[in-house]
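To start, the structure under review is shown below, and the notes come after it.
The letters A, B, C and D name the chains in turn, as written, and every chain counts its residues from 1.
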Amino acid sequence: MAYVPHTPADVDAMLTRIGVSSLAELFATVPAEVRFPPIDLPGPQSELETLQELQALAERNIDVTHTPWFLGAGAYQHWVPSVVNHILLRSEFYTAYTPYQPEISQGTLQAIFEYQSLICDLTGMEVSNASHYDGATALAEAVIMAQSAARGARRRVVMSGAVHPEYRATVRTYTQGMALEIVGEDDPQRPLADLATLVDDQTSCLIVQSPDFFGRIADLRGLADIVHAHKALFIVVVDPISLGLFQAPGALGADLVVGEGQSLGSALSFGGPYLGFLATRQELVRRMAGRLVGETIDTDGKRGFVLTLSTREQHIRREKATSNICSNEGLNALAAAVYLSTLGKSGLRQVAELCYHRAHYAAQAIAALPGYEVALTAPFFDEFVVTCPRPVADINAALWHDHGIIGGYDLGQPFPGMERQMLVCVTEMNHRPQIDRFVAALQEVAR
Amino acid sequence: MAYVPHTPADVDAMLTRIGVSSLAELFATVPAEVRFPPIDLPGPQSELETLQELQALAERNIDVTHTPWFLGAGAYQHWVPSVVNHILLRSEFYTAYTPYQPEISQGTLQAIFEYQSLICDLTGMEVSNASHYDGATALAEAVIMAQSAARGARRRVVMSGAVHPEYRATVRTYTQGMALEIVGEDDPQRPLADLATLVDDQTSCLIVQSPDFFGRIADLRGLADIVHAHKALFIVVVDPISLGLFQAPGALGADLVVGEGQSLGSALSFGGPYLGFLATRQELVRRMAGRLVGETIDTDGKRGFVLTLSTREQHIRREKATSNICSNEGLNALAAAVYLSTLGKSGLRQVAELCYHRAHYAAQAIAALPGYEVALTAPFFDEFVVTCPRPVADINAALWHDHGIIGGYDLGQPFPGMERQMLVCVTEMNHRPQIDRFVAALQEVAR
Amino acid sequence: MSEPIIYELSAPGRKGATLPALDVPEAPLPDQALLRDDLPLPEVSEVDVVRHFVRLSQLNYGVDLSMYPLGSCTMKYNPKMNEDAARLTGFSQVHPYQPTETVQGCLELMYRLQEALKALSGFSAVSLQPAAGAHGELTGVLTIRAYHVSRGDTQRDLMLIPDSAHGTNPASTSMSGMTMVELRSDERGNVSLDDLRAHLSDRVAGMMLTNPNTLGLFDEHLLEIARLVHEAGGLMYGDGANMNALLGIAKPAQLGFDVMHFNLHKTFSTPHGGGGPGSGPVGANPELAEFLPGPLVVRDEAEGTFQLAMPEHSIGRVKSFYGQFAVMVRAYAYIRLLGAAGLREVSEMAVLNANYLQSILKEVLPLPHDRPCMHEFVLSGQIEGAPDIRALDISKRLIDYGVHPPTNYFPLIVPEALMIEPTETESKESLDYFAQALTQIVAEAQTQPGLLHDAPHTAPVRRLDEVRAARNLVLRWQPTPKA
Amino acid sequence: MSEPIIYELSAPGRKGATLPALDVPEAPLPDQALLRDDLPLPEVSEVDVVRHFVRLSQLNYGVDLSMYPLGSCTMKYNPKMNEDAARLTGFSQVHPYQPTETVQGCLELMYRLQEALKALSGFSAVSLQPAAGAHGELTGVLTIRAYHVSRGDTQRDLMLIPDSAHGTNPASTSMSGMTMVELRSDERGNVSLDDLRAHLSDRVAGMMLTNPNTLGLFDEHLLEIARLVHEAGGLMYGDGANMNALLGIAKPAQLGFDVMHFNLHKTFSTPHGGGGPGSGPVGANPELAEFLPGPLVVRDEAEGTFQLAMPEHSIGRVKSFYGQFAVMVRAYAYIRLLGAAGLREVSEMAVLNANYLQSILKEVLPLPHDRPCMHEFVLSGQIEGAPDIRALDISKRLIDYGVHPPTNYFPLIVPEALMIEPTETESKESLDYFAQALTQIVAEAQTQPGLLHDAPHTAPVRRLDEVRAARNLVLRWQPTPKA
């Protein structure tokens, strides 16, 4: 059988050594009435057949590389340099466990230390942990951290309705047993200054997103002061690619910066595995969820890295741990480290600029189409909302069936009433001819 | 610029150290009249654009994984286990040079030592070298070895016309300055016993192929005795996959066994890079072309491997070297070592059996079609000749355009007069439904 | 030579990537205050990046190098085929919000995986959304909570958890807003039935049980435990971390569990990635199915298509999108290749390997619970005649023998625990080597304890100072201020 | 721990692969005498294979680990993108005998590569068929021979080759049936014009010249040499191994060469693979083009399609099919990404790096030809005050410093040659480290020569006994006979 190295002679010798006469005897403690049940699964098949079957399934999907694409909304098509996958294929990395034995895990540990450093520099924060499952769970954990910082005494959470709907849903799921009052979500168009007025002395945190779910760059100036006046924490959700161009939230007084790191070298992969990042200020480090890698020295005085502050974690603190998170997204964090190292200072800025200028080019062209409207007043990064002459569902169906184009995100899905609003995403992967083709197609499908 | 790490400051500092004031000054010895010519090539472009351009080119080809396929004739579609490519992607292997510094090349050296061992076991020979460019050049080098064994005193080479036409052509190209007389090729159908009568005391070698170019398993018994009676060498060209089932030429008295090792884990890749293997008897080792890895010990007595007998090679022997070959097909030899290790004793036999039985199933079904003929009398492995009711060129065009099937090899190409003969190849990659579809399609395109 | 930090390789103006030229007019940038002035990322070339991370990789130990008997982690071989499958363009380059008609392949794969996990576990529904084991636990506990709440049973706020449990169980319970009650284990390594009975009440929401438990033992009273908890109105949560012992051996649903998480990154061979990504699907019985997080994949029998759907009373989503899809691809490939027979053989050989090793090693080190184990077992690293030697010293010395150490100090109920899980992909030769190494180390401990205290001797670094790391926190690289 | 031979891991009945079941009736097998009874291959599991070869890989040194200044080999960084490009299904899963209408993408790529090589070299035709540099030499020499024969100039059987030439040049000449005449180099490292003149005659078929030559020097009389050879009726063959110095700097055809091979595995960044595959396309001027081996790719301008065609008086094919296609894909990707400007920068930086290093190291070790070099230079490993130290000792000691040694004992005209080619992908920091290491080693040689004699100290094995390997030939693994 595949993947099992035992020869019949091995099995015999081993059974003899154990002192049993059959494999079945090893399972004597399993209640006889439920032992060895029939399993309704097909029989074994070869690697060749299995891979062919998977290939056939894969080819029943339409993939981004063969289709013009204007879909974002929390998962983005960005260029991933070839080096990233080559490093991910180093099996010393991907076949290792969490680095519990640091002396033989310096590769993982140093890479995560570098990841933490890169995330700090990108967000302008002081500390980053080793990752979360994704942006949504990173936000949920940030909210729990804020609860903990308030020693559980504050029950109000003020959250902008322009935070990604699935992130908001995840926060609600995570905190459903915590008796919180989450306010501010009702109107996604509410100005932030307005939202901030909801912050009071019962509030543990204010959560805003920039660029927000509708692509708008939020002006965060002044918000931190309001939040801090109430001794609450200021949580900002960001798109890491936008930070190639836009101000780091750390410079604007954020206490916690979280986001989805998929754009930093992880494939789209139909939604996962992605990478949640979470960065904060030094003084909150002991309340932080997740793993942390710290620098130290070995007995020869040589620099080395270890998992540290594990006293926060569930192995030691059990029910008092800052979080239950154990396995996280180590390999995606490695991808992000390789990605950010390869792109570097100038490369990330270039990517952000390409996104910015191409998105603005597209927005302007679409705004000029009869029947379509684009709000060009608020600053945006690589996504913007287009008001369409027909329901987005119809437009998208026509774009796909008649033009082979995958259109933008239908805002009517999460926001009843916005059925004619399309969230269009343009990145460095959409070159001008593709944008022109999209604009022309939009015109054609206008009715 | 890509791949060049120099910053402007680096360049300045380096020029200063060298004592020149500009990069151009470094090229003062290049005659001014031809220095810095314009190069008619497009400008630089990004990795993303380059890969997209290549992807677009690649997609203008029809590939084997998406089409039923019955083409062999010297390059074969066989299953390559996933492990092979994963090992080939280990960059310590593929970014190394020829292992001139054995202490830091034990990976390559031991792998090649294992490759040599595996080829010996497969062919039944005593010594294998580290590889040749491909099967054709391995044969050419074998012929030159036979010349050398005869100390240049014998000018006749007897070569079966059923040896792959491109191998025969390559032998002629290689030896065009050597004033040889190559005989026996005229009639590819000539029985081997007949062919052997051409061997005389002026003959350096007899060359036969099994399975031959037409797929027939040759009965080699008795040939070695005839050849050796004339003190000539017996050279056999083989398909390594067939050796999972069929007798090793070493057991039948061959002096040199050569062949194309592409089937052993190398991709089809439109014809290259492939893997020439060459194995011989111990007493001929000093006349052997190519690299050899040998076992030794280090100063601590630990086992290790080195390139050996380099006194045969051009670095030392220069114009008296056994061959000019320097870079060979190291990575393909590594692929073969991984392939043969993974398949192993039972796996290679299973592959050979699948080929054999499926090819015979196909042959029988085609033989039963009106208008088609298959010679089912001579034993064959995974290829056989089908006589078609129409020219193969027409049949193949119809198969492709009307049925999306790539048919067999048109024997009329190398053999004028055989325009209605198709060489059909069936391997473990062609499952029964695919064969049935092919047979049905053949019936339809019969006229 | 130790490897520099990537920032230490940086030089102003060096570039590692080439990007397309701007092909549209430049749009005006917004208010300068919204823009950043400095982006302090490293500046390195592509070759710097590759060499740096290749060299780092060589400082790591993985399953691809040798045996990795890290108890509770099921560090089996990760088939290479699965890596190829997950990287197929049709899987890797697909957006989660594409029209469902354009992602039928993804949805069908998820559906088939749901069905396969149901077939193996006996549960009636599976949600693939949770991202790891602990995430599955939180999901399961919230599901149990939602069930009780839906029935108005709102006073149920206690979760029973044995003292042998993994730390994530209590932590997940806390996150759900419930309170945990710790149950003692008995001397045979089972849950103490007396202690269980003593804690049952109408405040009990359920019990979290790992079976086989973290001692590698199948609880001898499992059916009885489930009966008692159910009688008290509680539900049974299964921590499926140890499912590698049970494939084709027993279905958790038939063992009394109501809801359980799977670890695709353990049982189903997906690589652990040096700390994730994992995947922790949750299965549930018919009463709990409607509370699972979604969306799940359902099949429209009439159309033969696959769609996403939210369970009726779902606790909500536990993350964005649908779960760790690329991990699911790998797990499905593994299940499909092995089939029912192959999966049963996996568990048989895993259990055979553990018992074989236990039979040898119990003569070398104390085995606190001396009875046939399942897929793993726990020794105590207390060596007669070597009082100063701790489990950690033994582990570090194993590194010098070229094998990865077992799990240390877990479960907490065994002093100086050495938790050994060989997995089925190790050969007899590999087990014999490990047993021999451990035997030799025990001898060394008695005669040359310094060898152990100073271990490892052959690793890329010597023993690292973890206390210093925690006291003097350095969690990121920073430029050394210019003097 | 040294790594066992794969056979030593074998156990009867162990399997590493799964294959499809037979789905057709079994056909009768032929005569037993045609079949083999035993197939003595190893029997190992998939995990055995992976671990074995991963561990072996870690015993190797490659460009991806650090600097590899192996002179004459142009061990530059191999871009990862190229590996991905070569593995695209549409390139890797294509059969050479498919109908040309189904392989237009492959043919167009080859065509574009032919054109690019022509643009860079000034030649009028390029054959992509040769598989490596030496293969290109044989091709070129046979082409020259065919040219003379076609003109009835059959007495031309001598090939002039400088004493600095690579060993493949004389060996290729012999294989072509011609005889080589060795020419001396002068004290500036040029071909001695006097010696050249002395050997010119109507028996001269041509001259094989490497330029820049293997000392890394551009011959100061190159145009004069070509003129003299041409006047004598001979042709100029260029060994293009050192083309990395000339991209955008000079076109070989304009330097007087009539035919030349390129090394895609040197100049154009395709990985050397631990000993191949390489690729050695040959370019030729208009008079020689018709003799090139084929098929070449031609463009049907009317149809816009690409076809294969044999040159009119081709010497024939030099291998099966069309050359090392997957290597061509990598080289084309490299050329396309860099473009004309990028390629020129490659040569500029390669030459800058070599001169920079030479300027430092000539103060450390003797530089026999002290003038500005091109992409490489040759030191003599003779250290004052350390008479017992040989170039090899210096090289082995470099291993302890973590860098790959230079080429040793080539070219033959420099005693104790250390031939250093940094390539353009090394940074200044990397060169400075190398220079520092070599400086330190020279100091060690004078004070602690034993350190060098016993080197390497940190490699996976100590210095290996090459004499023993050649005397006591063990070229394959064989089972140790059972006692």
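To be clear about the criterion, a contact is a pair of C-beta atoms (placed from the backbone, for glycine too) under 8 Å apart; a residue touches a chain by one contact, two chains touch by 3 or more.
This one's a predicted model, so the numbers in the text were calculated from it and none came from an experiment.
*Asks:* Pick from A-D, A-C or B-D: which pair repeats the contacts of B-C, with over half of them the same residue pairs?
*Replies:* Selected from A-D, A-C or B-D as the counterpart of B-C: A-D.
*Asks:* Between A-D and A-C, flag the pair that has more C-beta pairs in contact.
*Replies:* Answer by contact count: A-C.
*Asks:* Once you find the CA centre of chain C and the CA centre of chain D, what distance in Å lies between them?
*Replies:* About 47 Å, centre to centre.
*Asks:* So, what's the distance in Å between the C-alpha centres of chain D and chain A?
*Replies:* So the centroids are 46 Å from each other.
*Asks:* Can you give the whole-Å distance between the Cα centres of chain B and chain D?
*Replies:* Their C-alpha centroids are separated by 20 Å.
*Asks:* Give the residues of chain A that touch two or more other chains, as numbers and ranges in rising order.
*Replies:* 2-5, 10, 44-48, 51, 55, 65, 79, 81-83, 85-86, 89, 91-92, 428 - these are the residues of chain A that touch more than one other chain.
*Asks:* Counting only residues that touch at least 2 other chains, which ones in chain D make the list?
*Replies:* 11, 14-15, 17-20, 44-48, 50, 54, 58, 64-65, 77, 79-81, 83-84, 337, 425, 427
*Asks:* For the complex, give me every residue of chain B touching chain C.
*Replies:* 2-5, 7-10, 44-49, 81-83, 85-86, 91-92
*Asks:* So in the complex, which bits of chain C are touching chain D?
*Replies:* 1, 9, 11, 14, 18, 45-48, 50-51, 54-55, 58, 64-66, 77, 79-80, 337, 402, 425, 427, 429
*Asks:* Per the contact definition, I'd like the list of chain C residues that touch chain B in the complex.
*Replies:* Residues in contact with chain B: 11-15, 17-21, 44-48, 50, 54, 79-81, 83-84.
*Asks:* Can you tell me which positions in chain A touch chain B when the two form their complex?
*Replies:* Within the complex, chain A contacts chain B at residues 47-48, 51, 55, 65, 79, 81-82, 86, 89, 91, 428-429.
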